[in-house]
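One structure, pasted below without further comment.
A, B, C and D label the chains in the order they appear, each numbered from 1.
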Amino acid sequence: MRHELNFWLLGGDQRQVRLAGLLAEDGHAVHTFALGPAGEGVREERTLAGAELADCVVLPLPAAGPDGRLNAPLAGAAVPLEEVFDALRPGQIVCAGRVDAGTRALAEGRGVRLLDYFAREELAVANAVPTAEGAVQIAMEEMPAALRGARALVVGYGRLGRALAPRLAALGARVTVAARRYDALAWAESFGFDACPVKELRECLCGYDLVVNTVPAPVLGAAELGELKKECVVIDLASLPGGVDLEAAERLGIRAVQALSLPGKVAPATAAAALRQTICHILNELGV
Amino acid sequence: MRHELNFWLLGGDQRQVRLAGLLAEDGHAVHTFALGPAGEGVREERTLAGAELADCVVLPLPAAGPDGRLNAPLAGAAVPLEEVFDALRPGQIVCAGRVDAGTRALAEGRGVRLLDYFAREELAVANAVPTAEGAVQIAMEEMPAALRGARALVVGYGRLGRALAPRLAALGARVTVAARRYDALAWAESFGFDACPVKELRECLCGYDLVVNTVPAPVLGAAELGELKKECVVIDLASLPGGVDLEAAERLGIRAVQALSLPGKVAPATAAAALRQTICHILNELGV
Amino acid sequence: MRHELNFWLLGGDQRQVRLAGLLAEDGHAVHTFALGPAGEGVREERTLAGAELADCVVLPLPAAGPDGRLNAPLAGAAVPLEEVFDALRPGQIVCAGRVDAGTRALAEGRGVRLLDYFAREELAVANAVPTAEGAVQIAMEEMPAALRGARALVVGYGRLGRALAPRLAALGARVTVAARRYDALAWAESFGFDACPVKELRECLCGYDLVVNTVPAPVLGAAELGELKKECVVIDLASLPGGVDLEAAERLGIRAVQALSLPGKVAPATAAAALRQTICHILNELGV
Amino acid sequence: MRHELNFWLLGGDQRQVRLAGLLAEDGHAVHTFALGPAGEGVREERTLAGAELADCVVLPLPAAGPDGRLNAPLAGAAVPLEEVFDALRPGQIVCAGRVDAGTRALAEGRGVRLLDYFAREELAVANAVPTAEGAVQIAMEEMPAALRGARALVVGYGRLGRALAPRLAALGARVTVAARRYDALAWAESFGFDACPVKELRECLCGYDLVVNTVPAPVLGAAELGELKKECVVIDLASLPGGVDLEAAERLGIRAVQALSLPGKVAPATAAAALRQTICHILNELGV
């Protein structure tokens, strides 16, 4: 990455505010639009004039808000995405998160180079850490007993499970990992966790004080929840529609918490730092 | 400990409620007074008649409330401690926590054997775990970044410091321990923490994201707090009057949190289990 | 897996001896040939008569020895592989490790179902643990200082690196991981290790007390080794030809150790248990 | 400690050789006698002339060898301790390890200030780390299975037990701690280990793969060893006469290893660094 670049951050929330600050600290010229004040060294722009000069334009995660316009919760007014892309030049680099079809069409129409940072593996991995920490925090808040000595079950052993299980174990919980694949089970055992094949999940559910689901599939339905003891706390980290039947949990008197988008909520500074690093990687790969 | 004993729990809060349940699960006869309902197998008494038959009477922590009467926040009416001790028989075993002079005088006047469970080292050690977990929880709630990668300073390396430092490190923080004695510093280094002599504390304060004080002495005054960076979170776990100048922190714009009596707040089930175990030890030593 | 199966173990070393014992303990009928005595409940056969009745035939790792015959270091006499396969029946299940082309051709000629357990991911993962422990043991034996406080570099972050880095860190070493891919570097950072892109490896080599290579490519040549300090210990875990220029190391006075096939050497019981589990998985998948 | 001091190291082994090097690196003038060559910047003396000018004289650990003379295994000739003390001046600071009555009498006769570094708590703590690492190394060398998944018992929870138990746990062993005092058991549980009162030791001995004794008292006699399974490895770290009946172990076919003075053997550089630090503390306290 060249030493000083020109960034424009359009829309976004606290993460983008912090990202702007981090990029400015790195010595880059940073402009924001529809983001609100972002601190020293960052120029807050009222219009998109000049955006076409940016070496890199950064759109939020997701780029489009629920109304289909620019996702800009901190801005006073709604900005149509068409207006955003009209202000850019063909060939310009635009980094955006979880890009939907409409945004992609606009980008193609304008001929910009649209890169989805949310699709990058290293960002997903980096976000697994604050997600896992957030899950630990929720477990501590909800459980009537300490984690030390608690029996904890982590369902799924992808990125989230691999970040979460060792943290729970390090705090003194006895951790079981439920996974489908033999190699995932072997990994779990290699770190000293107990392993349970998902297909035998129902038989191994009794006795836990904490169950954290990371699998985006209906894993913990009424039958499974019925096997849990009454004081067990269930946390669902899986992206919507999630993997826990929350209604059944309520019916059964089981405390179940759905936790989404934890990095931005529990550790916005960390989430912003991960975003900065990933954007650096993207620009490096493009030879910028 | 004989298999079935007769316990009377007089006054107390959620911890005593859970303690009653645990003792009943162990197969003991459990009576409560001035505590409110405590679940299955526990007899809630309206008067103290029969208390003199108890093998062990348990008073809360502390035994006397702020009004000098029995510490019974869950009871409808105030009970003078004189009335409590009048209902007991000479030689009877009474376990109480953090006993003050007035209560001790009453006990001696009645000739009961008063034992302070709060003075037991194993209870203090057992309570260090939920306290440390509570501090981790507060750190996660207050810090804008993840603990992983954070620089954390633990001031003091007694029971609390020894329970807290490894937990922070296990979550990926880089931990420094500040302590006075050479052997405490050697212990800290033996676990891979950085060590800082307390007398050099002021010079080593810059750069931390989290500072947790466990020393009940004025350790972090205005001068020390002034060395911290603005986003640093300070948690004071030391018993009152604490070791952090909270007013100076507010003046300096440093986020400082005083956290007291964490075990009962964040993990009442664990605190109750520790209490049960300590009372068992006391009774064992008395040959009951 | 059906409760009682008929196993024949042909050839092999201490791992197969222990595997025979484990399978017998599980209640299976176990026959060995060309393996030597394998303890209680295992029938040592003098001929291959009856091998065609086996539910599963197990060949060693690798199946063929350096002379092209059955790999049977504990047997008195050499057994041609042709003879082995002639004793089997078409369709019979044969599990073997690191199968070469010659053995595969024999298997196809005979029409047996040949399955390579060494190609199974879960076995590779399970073997990463004793390999990592073996590397720790060698590091302890070779280093003049303790691991606690040592600076350690793990080159490569595949299975071996992921098993080794946390063990070194848990013993108090400060661990850096060198890897090529951004997501591997993100994983390393997620566990609190320092991360170094492999392409910047040479600049980050100074200061280490221990370097462990896991990459089967020429990573640590004379130029890289020359950056190390004199007391640094280098361990090469990569399969042949390895990734460390051992001659250059000797010339430079750097202590370098090549360590191969550690599971069978440092933890034969663990290696045998991993083999048993993998063979169970294979038979389960085949519906046996 | 003043910036440049004059040290004389008399006698000793590899630790003193390394200590000499470390002190020279720190910028001190370092003389050795009866120690052999100690590298750059260290003056090897043929006589004791000039020793009375030293700010600090360092004697080995122990100061007297088995023959009652200066403990100087690397020197060519035997040196009577009388000769050593005759060369010193009254009031001179002499640091020595594990001082016996004879040496102390000589020191008093000469009027030197004799300080026993081996009696310093911080040195004992610092030495617990390489001792614990040495025990891990021996366990890895002797056990037929990996530590991960092994059941390990640590007898005693003083300095050694506290250094060893977390290392075994971090490598994936399931650790039980046997101790006498309730608070030691509470500490063990606070870190997530299982706890066993020493008086119930015999009942809880079955099932372990590794037993490490740290208690210098007859803890593991024939009756206790008879409860162990045959493949269990026993390591005795307790100072002589140790706590394991080695003859009974041999008779019972149990593999038992006595390991003494591990720091100097497995990590002389670490042992020397700990010595340097302790001598610095002593000199600091004396205002040197």
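One rule holds in what follows: a contact is a pair of C-beta atoms (placed from the backbone, for glycine too) under 8 Å apart; a residue touches a chain by one contact, two chains touch by 3 or more.
The structure presented is a predicted model; accordingly, all values stated were derived computationally and were not measured.
Measuring between Cα centroids, which chain is at the maximum distance from chain C?
Max centre-to-centre separation from chain C belongs to B.
For the chain pairs B-C and C-D, which is connected through the larger number of C-beta pairs in contact?
By the number of C-beta pairs in contact, the winner is C-D.
I'd like to verify one number: the distance from the centre of chain B to the centre of chain C, where each centre is the average of its C-alpha atoms, in whole angstrom.
Measuring from centre to centre gives 50 Å for this pair.
Please work out the Cα centroid separation of chain C and chain D, and write it as a whole number of Å.
36
Give the residues of chain B that touch two or more other chains, as numbers and ranges in rising order.
Residues 129, 148-149, 172, 189-191 of chain B each touch two or more of the other chains.
Using the touch definition up top, name the residues of chain A that touch chain B in the complex.
129-130, 133-134, 136-137, 140-141, 143-149, 167, 170-172, 231, 266-270, 273
Quick one: in the complex, what on chain B touches chain D?
Going by the criterion above, the answer is residues 120-126, 128-129, 163, 166, 182-183, 185-187, 189-191, 281.
Where on chain C does chain B make contact in their complex?
Against chain B, chain C makes touches at 148-149, 172-174, 189-192.
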